[in-house]
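Quick one: the structure is below, questions incoming.
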Amino acid sequence: MIRFVPRERTPVWLTVAVSIGSGLAALVLTAIPLALTGAPVFTAFVLMAQGAAGDGFALAETLTRATPLIFTGLAAAVAFRAKLWNIGAEGQLYAGALATVALGAGLIEAPPYVLVPLVLIGAAAAGAALLLVPVLFKTRFGADEVVVTLLMNFIVLLFVQMMLEGPMKDEMALGWPQSAPVLDEATLPKLVTGLRLHWGLVLAVVAAVLLHVFISRTVWGFRIRAVGENARAARYAGLPVGKAMALVGVLSGGLAGLAGASEVAGLKGYLTADLSPGFGYAGIVVATLANLSPLGVIPAAIFVAGVFVGADSMSRAIGVSNYLADLVVAFALLSVLVGGLLTRFRIVFVRREPA
Amino acid sequence: MLEALDILLQANFWAATIRIATPLIFGVLGALLCERAGVLNLGIEGIFVAGAMSGWLAVYLGLPLWGGVVVAALTGALFGLVHGMLTVPLGLSQHVTGVGITLLATSASYFGYRVAFPNVATPPRIEPFPPLDVPFFGDLPFIGPILDQQTAFTVLAFVCVGGVALVLARTPLGLAIRAVGDNPEAVEAQGLSVVALRMGAVMAGSALMALGGAFLTLSAFNAFYFGMINGRGWVCIALTVFASWRPGKALIGALLFGALDAYQLRIQTIAGGVVPSQIFLMLPYVFSIAALVLVARRADYPRALMKPYFKGQR
Amino acid sequence: MDRRMHPDPRPLVLSLIGITKRFGPLTANDHIDLDVRAGEIVALLGENGAGKTTLMSILFGHYVADEGTVHIADADGELAPLPGGSAEAALAAGIGMVHQHFALAENLTGFENIVLGTRPLWSFGLGGREARAKIERLIAESGLAVDLDVKVARLSVGEQQRVEILKALYRDVRVLILDEPTAVLTPQEADGLFATVRKLSAKGLAVIFISHKLHEVLALCERVVVLRGGAKVADRPTAGGDRAMLAELMVGRAIPTRERPPSMPGAPVLSLTGISVGKPGERDRLEDADLEVRAGEIVGIAGVSGNGQGALAALVAGLAAPRAGQLHICGHPAVAADPRARLAADVGRIPEDRHRDGTIGALSVAENYVLETIGESENQSFGFIRRADIRARAVEAIRAYDVRCPGPGAAIRALSGGNMQKVVLARVLEREPKLVLAHQPTRGLDIGATTDVHRRLIAARGRGAAVLLISEDLDELFALSDRIAVVHAGHLSPAMDAENLDVKTVGLMMAGHSAGEAA
């Protein structure tokens, strides 16, 4: 018989080990369907690793892909810390992207040091505003935010399609539903010429550090943690539960909105309806892998990005569908959830006495 | 304006209503079975995909249509088993695990489909469930054309509504499921296994969800497309709250939703060109959110919903 | 100990031999032997934490014993070993248990709760007429009247307890365990329960009565088994015993009588005038209540759980706004449901449930200590937490309140209930509030921690605080209160001088009699 004995403290090394172990477990689990297809399993994983980090170019591509994942991972981490189940980062990302092209594609003309911050603030505000709706529904009407944020993803995507086919359509794009390009003054510069890596990565890392300091060192961070761990006791103690929730909504939605701005203004240059291949949902995986720690989000996002980039490259080389990457990510999420038990409990094997 | 009202008089509209509602009936029944036992199953969206894909593939590979239905149900139960294992004995977060199951079931289905059909331009087809030839009622005016467009799979959905309602209300098993979602200690104290009841309910509920997916590929359409579920699973979670966890109300909720969806499809063609089609496509989601917000305050959530139970921990 | 030496002619139905259960370093049960005979009412007496509940949980299959065996008589009266860890086996062997916290599904009716699990899961129907006839016969025999077709959520606590007992009887139990059954009853309801228990035992049912209330044990039981610190320290007939002796056995030392200086009440601090709280349909509500608590006095509120104490506590704590009437704190009107306003008005609040409302389990002792004051300048500057200052003051509070914990940085959920409550007391009392709301401040604490809480409440009164003590423990109310008011079904009696009040009067008022009738 197995018993779970709660731990009083969790050593840091264990948390890290569980995250890494879960990543490995995910790869092992993925090997099963991979083997069933008859593909050379070992070669496939070697190709994936090479594709993700085999050379400077691959690594840069992985970091480029990690950039939006850091933002959406932070969005999920801060929300889940407060037990606000925001599954709507995908929609908030698109809202941020829409705001980026609305502000940055010619509406305002200004030098970069004005326009870039303006675009970023606009995108964050759009994402935040979008999440405030379900937060309001939750605090005012008791409507479960999970379903509302999930359904809003579909609404936002339809809205984006409508805008791209209508008022925001780029007439120069030969009938493709895409927006006009953002101005050069609104573009996040590349970090290294010749690579796709851009300043969005720096912003994302700074955001992670700031969020870490905010949550662990400030009064409002304290309130958010308190509300997340026990909202009843927080209310009893006179903490502003509603405001803390709204703040979490602003932070989480804002960070997801920044993911959209970073993708449009840093990478793509314009908006299409297939901007995000599920960065919002993958952010949940990233945050869970990181054990909801803002600093942990950075390596977790790089891992998940590496899986996607590596799987793309592997898929091109040996013709196995790159949906394999989604499979790895899903397995990683479930593995880290199970692994998380090890950080919260000591597992004790009890011998049952013969009756 | 008259055209807008005229839609309601078309047999085609009502037939479409039932067709759209059918997968939702399965989905809401499945979700309410899980939630009545105290487990939120956000794997529903992925389980729909897996049911659609596996049921269709089984038929494509030569099984009879009902064989495909069984395969879909078993696939759903399998994902239910995983969700149940993680959330019931291990007590993990039902929210995050559910999202994980959705990711897993969706990517496994897409991956499996791509492995089976690496390079197809048009999705391969099967011969789906044929429309029913309803004796007597099929010959009635107005009602007849509505019934004659339905398939045996739709009949199964209605049978399931009655079945789930009967089991919950009138059998010791249903009593135990209702009790375990309210107070697992009551069930434990009467010598029943909380884990077995919850796992069983989640597996059965997940099987029903998968049938919702299978209906799309085996009856409503004849092929499997990526993105064909498109949030239907999430809609079911909202409708479950709307239905206050009652099978009868679940049927009504699903039919209402089906009517709205069928209506927006038809009004689109009338108002097409003036109002962008996306506005109409948003309506079902907006309706779901509105339904949820309206009933949320007085919703009678199962008391033990989302609360893991560990034996001997009181 | 040879069982054959017992002169008692009644057959043994249950025999526990050498039961031992350890949780980590703690030995909850240390080689406990216990025999119970048919028709016997045995008291299991002990403080919180003495091991009573653990022992019964082993008997009932919630835990597996590390050592020892349980034997129970089968249908022929032969003792047979009971497999551990299975509630199902315990039920099948004829053991029934009524828990302190009822194990009832509130969304089902009483009937449904009783038949739950008694028929094969894969069958149709709920037992119908046959089951109902049996339950009605049991009701007639035992006097446990209850409406079977109402959802349990709508039954009173006393009625819910009757459903619990019927559940056991319906399964033809031979051993019935009652875990602190009177905690939720008025003294008069408790008398009714005792009559039922005597009736049942006369028919041959063995009853194990778990309690820490000495007078109940003496009134009901023929034998008493005393547990202390996990070990059995006495097993003797109740005849010829007295309360002082049992108390000493239970606690292991003579209980000091509490000394408190006479009260010198000052100006009113809390005053309720015609206050109504909660919806008219709810059970836990207040209707047109008047109450005054003055500086330097303790006013106790007696009542059976759920008769309006919750509403009163929520009102004073700032969680609920009154529907009608006026609330004054220190002469200033206070109406809004805002805990922060109460804190600003110098109200210290000790919540009923320290796990749910009083502490945040995952946060540290220090963080819980400053939970209410985090926004104040002593704890923050420019929005950043002053961690070193908070830690230093937490260390000081841990010393002053004798909190046993690994340190200020330890998660508070790792602390025992008593130590957790000390952190809450430190948080509330260090600010020297003018009004202290103490809602069930000693529930679930052992005698040492209870004494400490009482001492601190009396000290707060001594320095001039007004104390509103809401408790379901009449002993506690009489020990601490200067005046006592009784709440029943939302109606609050005038506060009466505790000196001239007896338990019987309060008990009758808790059951709904007016002060005049009760006296």
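Think of it as A, B and C in the order they're written, each chain with its own count starting at 1.
We adopt the following convention: contacts are C-beta pairs under 8 Å (C-beta built on N, C-alpha and C of every residue); 3 or more make two chains touch, one makes a residue touch a chain.
Note that the structure is a prediction, hence the values are computed from the model and not measured.
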| item | value |
| --- | --- |
| Between A-B and B-C, the pair with more C-beta contacts | A-B |
| Chain whose mean Cα position lies farthest from chain A | C |
| Averaged-CA centre spacing for the pair chain C and chain A, given as whole angstrom | 46 |
| For chain B paired with chain C, centre-to-centre distance based on mean C-alpha positions, whole Å | 45 |
| Separation of chain A from chain B, taking each centre as the mean of its C-alpha atoms, in whole Å | 28 |
| Chain B to chain A touching residues, read off their complex | 42, 82, 86, 90, 92-93, 95-97, 99-101, 103-104, 106-108, 110-112, 114-115, 118, 230-231, 234-235, 237-238, 241, 276, 278-279, 281-282, 285-286, 288-289, 292-293, 296-297, 299, 310 |
| Contact set on chain B toward chain C in their complex | 170-173, 175-176, 178-183, 185-192, 302-303, 311-312, 314 |
| Contacting residues of chain A [partner chain C, same complex] | 1, 5, 8-9, 217-220, 222-223, 225-226, 229-230, 232-240, 350, 352-353, 355 |
| Residue ranges of chain A touching chain B (in the complex, touch as defined) | 4, 33, 37, 80, 85, 87, 137, 141-144, 146-148, 150-155, 158-159, 161-162, 165-166, 281, 284-285, 288, 319-321, 323-324, 326-327, 329-331, 333-334, 337-338, 340-341 |
| Residue ranges of chain C touching chain B (in the complex, touch as defined) | 57, 60, 62-63, 87-88, 90-92, 97, 99, 101, 103-108, 112-113, 115-126, 167 |
